[in-house]
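Please go over the structures that come below.
First chain A sits with chain B, and in the next complex the same chain sits with chain C.
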Partner chain A sequence: MSRKKSKSVAATLTTATCALLGTTSTTPVNAQEEDEWELDTALLYYNEDGNRVQDISFKMLANRNFIDDRVLSLSLGVDSLTGATPIGAIPFAGPQTFTSPSGNQVRTAPPGEIPLDPSFLDTRVALTANWQQPLGRLSSFNAGLSASSEYDYLHLGANFKLSRDFNKRNTTVSLGLAFAADELDPVGGAPTPLTPMLDVDDLSNRMGNQNKDVMDVVLGVSQIINQNLIMQFNYSFSSSDGYLNDPYKIVSLVDPVTGDPVPRIPTPGVDGPSHEYRFESRPGERTKHSLFGQAKYYMNGKVLDASYRYMTDDWDIDSHTVDVRFRWPIGDRSYLEPHFRYYTQTHANFYRTSLDSSLPLPPHASADYRLGEFDAITLGLKYGWKTESGNEWSARLEAYSADGSVPANLLIGSNQGGLEMYPDLDAIIAQFSYSFGW
Partner chain B sequence: MKKLNTIASALLVAGLAGLSGCSSMGVEPWERDIMAKDEMQLTSDPLEAAIDDHIYFSKEASSGGRGFGGGGCGCN
Partner chain C sequence: MTRPGRSTEIRKKNGHFEARFVAMGSPCEVLLESDSESNAAAVAGSVSTEAWRIEDKFSRYLPDNIVHRINNSGGAPVEVDDETANLIDFAATLYEMSDGRFDITSGVLREAWNFDGSDNVPADSEVDRILERVGWSKVKWNRPELILTAGMQIDLGGIAKEYAVDKAASEAAAETDDACLVNFGGDLVATKAPTRSKGWQVGIDALDQAQGLPQKLIRLQNGGLATSGDARRFLLKDGIRYSHILDPTTGWPVRNAPRSITVAADTCTQAGMLATLAMLEGQGAETFLADQDCKYWCYR
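And now, the complex of A and B:
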């Protein structure tokens, strides 16, 4: 996309220069330059410490530029996910046995460890198609479709964007809309929220497929401040409704005095959970608002890219994200780019690491660590270089580290204080990219 | 609701400031050489931006901001 823009501006400048000099513009050459595919490809390796999630993926983005600034964009992504992920149950001094998501076998977590589901295994294929079309001299229209498929999840989406330039094209105002209709088809069927984890082969609390709809609106303004500085401000609104639970996450039911999981005896002759667990329950709706600001500043060949995002939602999650990249050229054809990102969020109002068995169940409860309170830091370095023909290679290595804590008022009984209740996360991201024209 | 009012007020102030201020900012068409560079595009590496959005969407409770933050994945 960006290479196209520079070419398009170069073509415009060439035409303007020719017009000033009274010569004829070299139209056939321009047309040839515009009519080509530009491909960005990337291989990604993502790995979480402690044998948790690993993702190896291939991504490709292809842009075909036509004359008159019309652009067709196609993208493909294939992810191969394996590993283990926390299921929401609290750690305990003894072993804990769980029924697997499929409901046909049991697994036992070792004492003292945050229980993980080791059956995390999925392949995801994602496709998008986008068409950009100018509307008159100062406006453009963009329409796209997206689809992705996983073993237990199907996404279909459509998006539209209208942009208009003002002030000698120094100001651009845009309005975007996106709709997604997703279908969940969890292994064994989606569990009814707050029902107990049952014995092997008992699927009486499963509801089959479930749906989730998401609508997004993004209102944006970008402004060229001077020759070296451009800024962007976006307001985003997002509304989701439907089955918003993670169908594989549970919450431990605990003794009010000790805080230990309440023991459970499976039906004689049948395997089943060793303790009382409830499937999580999130509200059926969520509304998010985000404010995003970005500045890009050019300093004698170096580029500072800084952004900030504030998000708030009706689950009482507030988050702040700061992202800074600094592109440092080395010679004419290569650069180094350090990257720093800081993220912090508050916990959802229904986040519970465990539930008091002496009290009635609350309407909503989730122990998903992603709805908890945590800070995360990403540190990375990217190196890129351009070949003589203008193709570009780049490699980046980043470390992501998330540290969370469970507020004291969410701990129950005497034994939970001494346990590591929050599953901290350390991951590395390695990416190798190649961009070329075709 | 109070939060929403704060956001609405902030947007209104930013919008008014923007409308009055924008017309005096910017460059002439022949001063756009730096802005036309690949590395000065607001999203200079769209593929990397999409990869990052997807990673953070799967691990955090926030998404979007730069663009759409919708669904598309069973990872959250």
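And now, the complex of A and C:
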């Protein structure tokens, strides 16, 4: 049949079929091909100002769709971290010398700067596998395993989730459980908490491998309010126990009058720390509770996604996170998505920027800036576009800025007030993603 | 009248009911998203009743129906009922649309062609002899009266299954508001999307059945899906593969026809006819389908 004629076939056929079936109109067909494999890949670059941490990571998520709505998800992540990170010691007008984590050499921090450990270099590989399937008409079940490995850390985890629809499927309730058994094998061995940083080659206060167990429970409710609005509420409980220290973090011992680090003389003929430092000590347990609420509002292709999280734990850290994204379509195939996030937290009850050498040591102390009081703002913009075949590209650029403060009652002596005690952090994040199926 | 082997099995599977029966030589199934077994039984009952009614009425293998009367009329006029007339009108439209390549009188060509995977290709003379008894243009159709030349036959098998799926699905929709999928041997209709997922998952069979897995998964929310082509029905001689799609204008298999074409359309009938018409285009199947602005999956 001629090309011209063939074009009119569908219309003629529709009329003839309506006459045959005795119908006047039909609902248009809605059928989509489902890719057997759906792949999401992302390349991420993260860079902290001041030659601190730099991370280049690659992530890949593969979903394999099976009949009866069963899905196998596999993911792989590779991170390559380099750079330096604050070790917890306070800055000082003179140079400070530290024994490296391996215990076999010393490093000197320049005067007036927050001391960093420059030996931070790591490659992390993470794998997850997840199986999801319906259980009857209203429920679904999800189970997965995870493992990640870096040179001083091994994580093994398992997770389960059950969800059930109610209320004509407008409400979904889910219960998730996750367990992790982690093993730390720090360079040179995990230091005994609160013991001094020792001279080179003295590993007498180092312990062997350490373990940490984490259990998480998440109870979630998602509710379709109307055609445009979906809300989600989660309560999560997390309990960790075991070795919760960062084995590379220390706290300066300071003079009660000046607030300067207490000098120390290494054993003659041996290199060692120039001042008194204690390895940090965190409690062996931590319990967190968090509440999360999210609203997604759809309006003519635009999507507003706003969420808030409150977290509180028995280390007395309380945090609030507000996250807002707005997806703005440009034409049929692309969109712009600005992102704003605000985060604020109080400090842990054992957070100390330094320890008074005239007083007995407290049972727990850490100068880790991540346990301090700080606010952080993230501003970002994402641009995504879909190819004709339905594959999606996106590019994201974000700036992160964390600004911390040390409460006056944690400052000791006369000299600390004039120093920058908290290592503020500015970082940029760039990400390219590509999603495709076949 | 109940014919042997006419029973329906119902069982619960993955949260929906599944009813199975055999009609028109094909395994048939009805999937119903429902909590009620009695509802499922009622829907399955009306679907299978409709399927068997259409089979009884239009099968060319049965000795007591309208098709049999027409095919054995010996050139005498036969007056047909409305439903039969509607099907014949539809067939006449398709004949015209396809320049004579969709022809319900072409069934007699099977006397020469038996697609059993062998090299049994008939002689030209044999085909030409049979072609004298083929051609809708030789039929006098003046609704409701049909006059078929003696020796000619009609076969509504190329339309009846898809027609039955659409009719049975509308019976199901009249019976229940629950989402229902009616599938007669791979030609199917979804009345609406199941609430528990994005759509009914339908697999297009792999051409190589040994692979076991469907070649493509399709999410059907509503509408029809039909497949033309059968990887196992062909002849092979001197390195040429003869598909079982016969072109009644030549009496020979369509050259370069795809092995299988699946089309999605508003109704199963439209989907099935588009797939068949595309098959008849042979090499031009994809071009034809692209012109129809429909979703299709074509395998060669």
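The definition used in the following text is that the second predicted complex is superposed on the first by the 403 of 438 C-alpha atoms of A that agree within 3 Å, B and C clash if a C-alpha of one lies under 4 Å from a C-alpha of the other, contacts with A are read in each partner's own complex, and residues count from 1 in each chain.
Following the convention adopted for this analysis, a residue touches a chain if its C-beta (ideal position, glycine included) is under 8 Å from a C-beta of that chain, and two chains touch if they have at least 3 such contacts.
Values in this document were obtained by computation on a predicted structure and should not be read as measured data.
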First (chain B), second (chain C), both or neither touched by A:311: first
Scan A:69 for contacts with chain B and chain C and give back first, second, both or neither. second
Pick one for A:343: touches chain B only (first), chain C only (second), both, or neither. first
Once chain A of both complexes is superposed, is A:402 in touch with chain B (first), chain C (second), both, or neither? first
Between chain B (first) and chain C (second), which does A:146 come into contact with in this model arrangement: first, second, both, or neither? first
Determine, for the superposed model, which of the two partners chain B and chain C contacts more residues of chain A. B
Could you say whether A:180 touches chain B, chain C, both of them, or neither, answering first, second, both or neither? first
When the two structures are overlaid on chain A, which partner does A:234 contact: first (chain B), second (chain C), both, or neither? first
In the superposed arrangement, what residues of chain A touch both chain B and chain C? 1, 3, 5-6, 9-10, 16, 168-169
Chain B-touching residues of chain A, taken from the complex the two chains share: 1-3, 5-6, 9-10, 16, 40-42, 44, 46, 59-61, 75, 77, 122, 124, 126, 146, 148, 150, 152-153, 155, 157, 159, 166-171, 176, 178-180, 182, 184, 212, 214-216, 218, 221-228, 230, 232-236, 238, 240, 246, 288-292, 294, 296, 298, 303, 305, 307, 309, 311-313, 315, 317, 319, 321, 327, 335, 343, 345, 348, 370-371, 376, 396, 400, 402, 425, 427, 429, 431, 433
Using the touch rule from the top, collect the residues of chain B that touch chain A in their complex. 3-4, 7, 10-11, 14, 18, 22-23, 25-29, 31-48, 50-51, 55-56, 59-74, 76
Chain A contact footprint on chain C (complex, rising order): 14-16, 33, 35, 86-87, 89-90, 93-94, 97-99, 101, 163, 166-167, 170, 193, 195-199, 201, 203, 214, 216-225, 264-267, 269-271, 273-274, 277, 281, 287-288, 291-295, 297
Residues on chain A engaged by chain C in the complex (per definition of touch): 1, 3, 5-7, 9-10, 12-14, 16-17, 19-23, 26-34, 36, 65, 67-69, 134, 136-138, 165, 168-169
